[in-house]
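Once you scroll down, you'll see the structures, which are given as structure tokens.
Each of the next two complexes has chain A plus one more chain, namely chain B in the first and chain C in the second.
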Partner chain A sequence: MMTNPTGRITQGQFSFLPDLSEAEITLQIEYGLKKGYAWSVEYTDDPHPRNTYWEMYGMPMFDLQDAAGVMAELKECRKTFPSHYIRLMAFDSTRGIESIAMSFIVNRPAKEPGFGLVRQEVQGRSMRYTVHSYATDAPEAERYSG
Partner chain B sequence: MNKPVESGLVTEATDITADAKKRYSAGVLKYRQMGYWQPDYVIKDTDTLCLFRITPQEGVDPVEAAAAVAGESSTATWTVVWTDRLTACDSYRAKAYKVEPVPGRPGEYFAWVAYDLILFEEGSIANMTASLIGNVFSFKPLKAARLEDIRIPVAYIKTFKGPPTGLVVERERLDKFGRPLLGATTKPKLGLSARNYGRVIYEGLKGGLDFMKDDENINSQPFMHWRDRFLYVMDGVNKASAATGEVKGSYLNITAATMEDMYERAEFAKELGSVIVMVDLVIGWTAIQSMANWCRKHDMIMHMHRAGHGTYTRQKNHGVSFRVMAKWLRLAGCDHLHTGTAVGKLEGDPLTVQGYYNVCRDSYTQTDLPRGLHFDMDWADTKKVMPVASGGIHAGQMHQLIDLFGDDVVLQFGGGTIGHPAGIQAGAVANRVALECMVKARNEGRDIKNEGPQILQDAAKFCTPLKQALDTWKDVSFNYTSTDTSDYAVTPATA
Partner chain C sequence: MNAPLYRIPGAPTASAPQAPVAEAAAAAPAEPRTVNQVLAESQIEAVMDELDRDLVGLVPVKARIRDISALLVIDKLRRSLGLEAQAPSLHMCFTGNPGTGKTTVAMRMAQILHRLGYVRKGHLVAVTRDDLVGQYIGHTAPKTKEVLKKAMGGVLFIDEAYYLYRPENERDYGQEAIEILLQVMENQRDDLVVILAGYKDRMDTFFQSNPGMSSRIAHHLDFPDYSQGELLQIGERMLDGMHYRFGPGAQQVFAEYLALRLQQPHFANARSVRNALDRARLRQASRLFADRDRPLSKDDLSTIEVADLRASRVFAAAASTAH
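After this line comes the complex of A and B, so read on.
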């Protein structure tokens, strides 16, 4: 259990809101599709804030126009990784943007162990900081199993 | 649209440059005779175009005044000089090419002036501003002058490196997409010890903000040495990052007396792992461009607080419009720029403010007179600046802010976070919940402009801090008339 006001990792667009229902997730996907974004499903067992590359559950769905298709992928991913963090990401290929336009978490482990802060005292009063992911104390594939 | 009424201006060409003997005999000529008034001038793609608002002294012919502006902002002096003839002087003369009365503002005229590419040193805003807002603004025949807008040509834009990071890469580094970023300025501005100051940083960030911010006048005063501030702030930032799993930052203000001091502070911020540093506009163009270079070299986001701009941007008849400042600042290189809130405590008419936001974020700025944009301008893929809305805003205005400014903006609630009755973390939670519920509702297709208050009330049912914020600030608004407004009404065609 994390100690921030939400008790959980607050990455993504909607972590401060109650978990989105299937219908609510579908509406967000439809919004992105209308904007011309390509949706992608990603999952990880190491949600460190600087862990940029979560695993891709398949490629971004560039030619998919139907939110139901994205929901089907998400369902598959949840079935395979029920205790992982899963996020939906939308890619915008517009010249001058060419980056991620939306990103929100749609699956979490039941218990979120969070992170520790490791302080290394260096010269004088300076400090080097390391954010440590407690989940990674267990080997890959054995995290969140309990 | 908005075609001015018949002005009675005498605008025909009057220059005598074709007759060199007449043009260069010693003495005083009218500027409009010397080649600075060319109503038939054909604009080149490589020209810089300026729109000045001028108020000539009584009895001064507006066209002559416009020619004088062109002259005094380029090569002219008050008398004829034979040494002009040693040069390709026609290139160096700016050309006033159009003059019109300003609608509804008797005595004021718009004057359009074109400047050849050769006039400005590559990559130097200091050089460009020394010409365009230099001597000319003290010129006696004008009661007042204002640089309203500028079209900078692609040829000159490409000599600038622009923002060190840009808003797209900033989002990638922070891992935050699809919503405005949230910030707060630490209050009180002055007097907190570094240790107490860091407490505010930690609480705000852990509560849900993305950024905290030093205020513009926090440098290194007796109550708080800058190194102490940086040390305590970064402890708060990192602790909050671990507590939330998010990348967090706090704008460390490195504004100081000398460049050497600023570099020293910037280096220390980097050593401590800060993702962002901050400077004030008052450090000047050269220092801004130097710090942008430093930031580019050290993967640092550069936050620009526009301290001081109101002294020359606010009055409609004299100074420089903020849209021009924003264009220069985007080229000079900053990643964040305070651009107004429209609904908060500081000056800003909503459409005019939206015009500034466009200038920061456009790939191609289109002429939009109600928003004060008088020129089309291709930004030639210059990176985009993240506008910052800061000053007297609170969670209850979230629907208005998102409706006005969209997602690419930092919304800064200083008092609106720290003044929360249940504490700073609660204030941050209220703002973050208000933000997320409004983005979600907008994406779901709801009309947030009208349904906004209800959407907030619904979210307040599951979020007590939001309810407290809405109750505390429900009646706070700053409905004063703006001084800097558009000269053109919104018509259905452009609305």
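After this line comes the complex of A and C, so read on.
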């Protein structure tokens, strides 16, 4: 069985689609702004499915009217971390929701090695399984460099 | 490994060329050809008429706004014929004494630019030095950027802009805010329009010490002071907006009041008129309040009488200097 048939990790919205173009990302941001969401930019080099909290790039952007502000922030982030995973998240602050309403990846490394299944034998014939990201075998600054 | 082993839905393939895009372009509605078509499309006339009707005086300012709108309309027509030109820089500087209508015009400007499609959203973000400049090292840049991001797609109105630069303190963080502002004004011209506002003399010194800022601002609009007749007209409109009116003879007294007030220092044009009217309302209220048993009609409640205006300190001061 292949754990990573497309060679791309699939997290968040649109992750089975080809990469969104700049115009498409702008449209998604506009949609979120119209709904009153606050956008933020996050990045990571460890895309393990259980790695929920990525590093924040700047503060979440409240009270924006236009997508240009978010796009400028994204551009900055891409310049700083060209081969990291970068995602945009939309926070819905409506009372009772107060949670992330949209999230999609907008930047990925050129080569995504994917995940392996690690088997551990414990207590005789029992097995334990865990998912391991190949990329994290390398130290932090050297992942996705080659 | 990176190339998928199966076709991803929606992914462009060799067998599906970009033909549909060309068809869509051909099917687009006909581009506007005449000035009237653009005007009808953007409904700019309505805003311009409103500007003419609602704002008293300000002839040079209105003329300049008409010029700018004409340029944008013609630009739109040029673009529809494929005559590409760089988008004109529309950063502006409004100079004038207090109360001459700088903020009001800025708000209208945002509307006009939005109708003409120059800015995408057409909202106005009004800020002062405090919103841009931080209090410690490293605080200014994020603060300024946050404000700029909020203003994207609209108009950023910086009131009392000369406070950004404080020459007496060389470690002042204002300079940092100015540099970020300049960068965005230059590079993201399509995304926002910056309007600086302030008193004429102070703005002049501000521009002298920041030549970069001066050269990036294409339009310097000077707001003239209002004449006495214009002020009276403004006062009447304000009263009308608050559902008050002058009683018999009161308008005459208000004109006298304005004539006296104009000679005193710290006259802030329309703002002073508003304050004078607010004080007259206070006096009217206490006049009506004093007579507790009298039934008050709608007329009583909405009339500013001569006595309400005559009680002003301005008349008393004029009387004491005359004797």
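The definition used in the following text is that the second predicted complex is superposed on the first by the 136 of 146 C-alpha atoms of A that agree within 3 Å, B and C clash if a C-alpha of one lies under 4 Å from a C-alpha of the other, contacts with A are read in each partner's own complex, and residues count from 1 in each chain.
The rule is short, and it goes like this: a contact is a pair of C-beta atoms (placed from the backbone, for glycine too) under 8 Å apart; a residue touches a chain by one contact, two chains touch by 3 or more.
Predicted model, so just to flag it, every value in this text is computed and none were measured.
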Once chain A of both complexes is superposed, is A:Arg95 in touch with chain B (first), chain C (second), both, or neither?
first
Scan A:Glu121 for contacts with chain B and chain C and give back first, second, both or neither.
neither
Please work out whether A:Leu17 is in contact with chain B alone, chain C alone, both, or neither, and reply first, second, both or neither.
both
Identify the partner contact of A:Arg50: answer first if only chain B is touched, second if only chain C is, both if each is, neither if none is.
first
For A:Gln28, select first, second, both or neither according to whether it touches chain B, chain C, the two together, or no partner.
first
Mind telling me which of the two, chain B or chain C, contacts the most residues of chain A?
B
Applying the document's definition of touch, where does A:Lys111 land relative to chain B and chain C: first, second, both, or neither?
second
Can you list the residues of chain A that touch chain B in one structure and chain C in the other?
5-6, 16-18, 114
Of all residues in chain C, those that touch chain A in their complex
1-6, 8-12, 120-121, 123, 142, 146, 148-150, 152-154, 188, 191-192
In the complex with chain A, residue positions of chain B that touch it:
168, 171-172, 175, 177-179, 206-208, 231, 234-235, 238-239, 241-247, 271-273, 363, 381, 384, 425-426, 428-429, 432-433, 436-437, 439-440, 443-445, 459, 462-463, 465
In the complex, the residues of chain A that touch chain B are 2-6, 9-11, 13-18, 20, 24, 27-28, 31, 47-50, 52, 89-90, 95-104, 114-117, 125-129, 131-132
As the complex stands, chain A meets chain C at residues 5-8, 16-18, 58-59, 61, 63-70, 72-73, 110-114
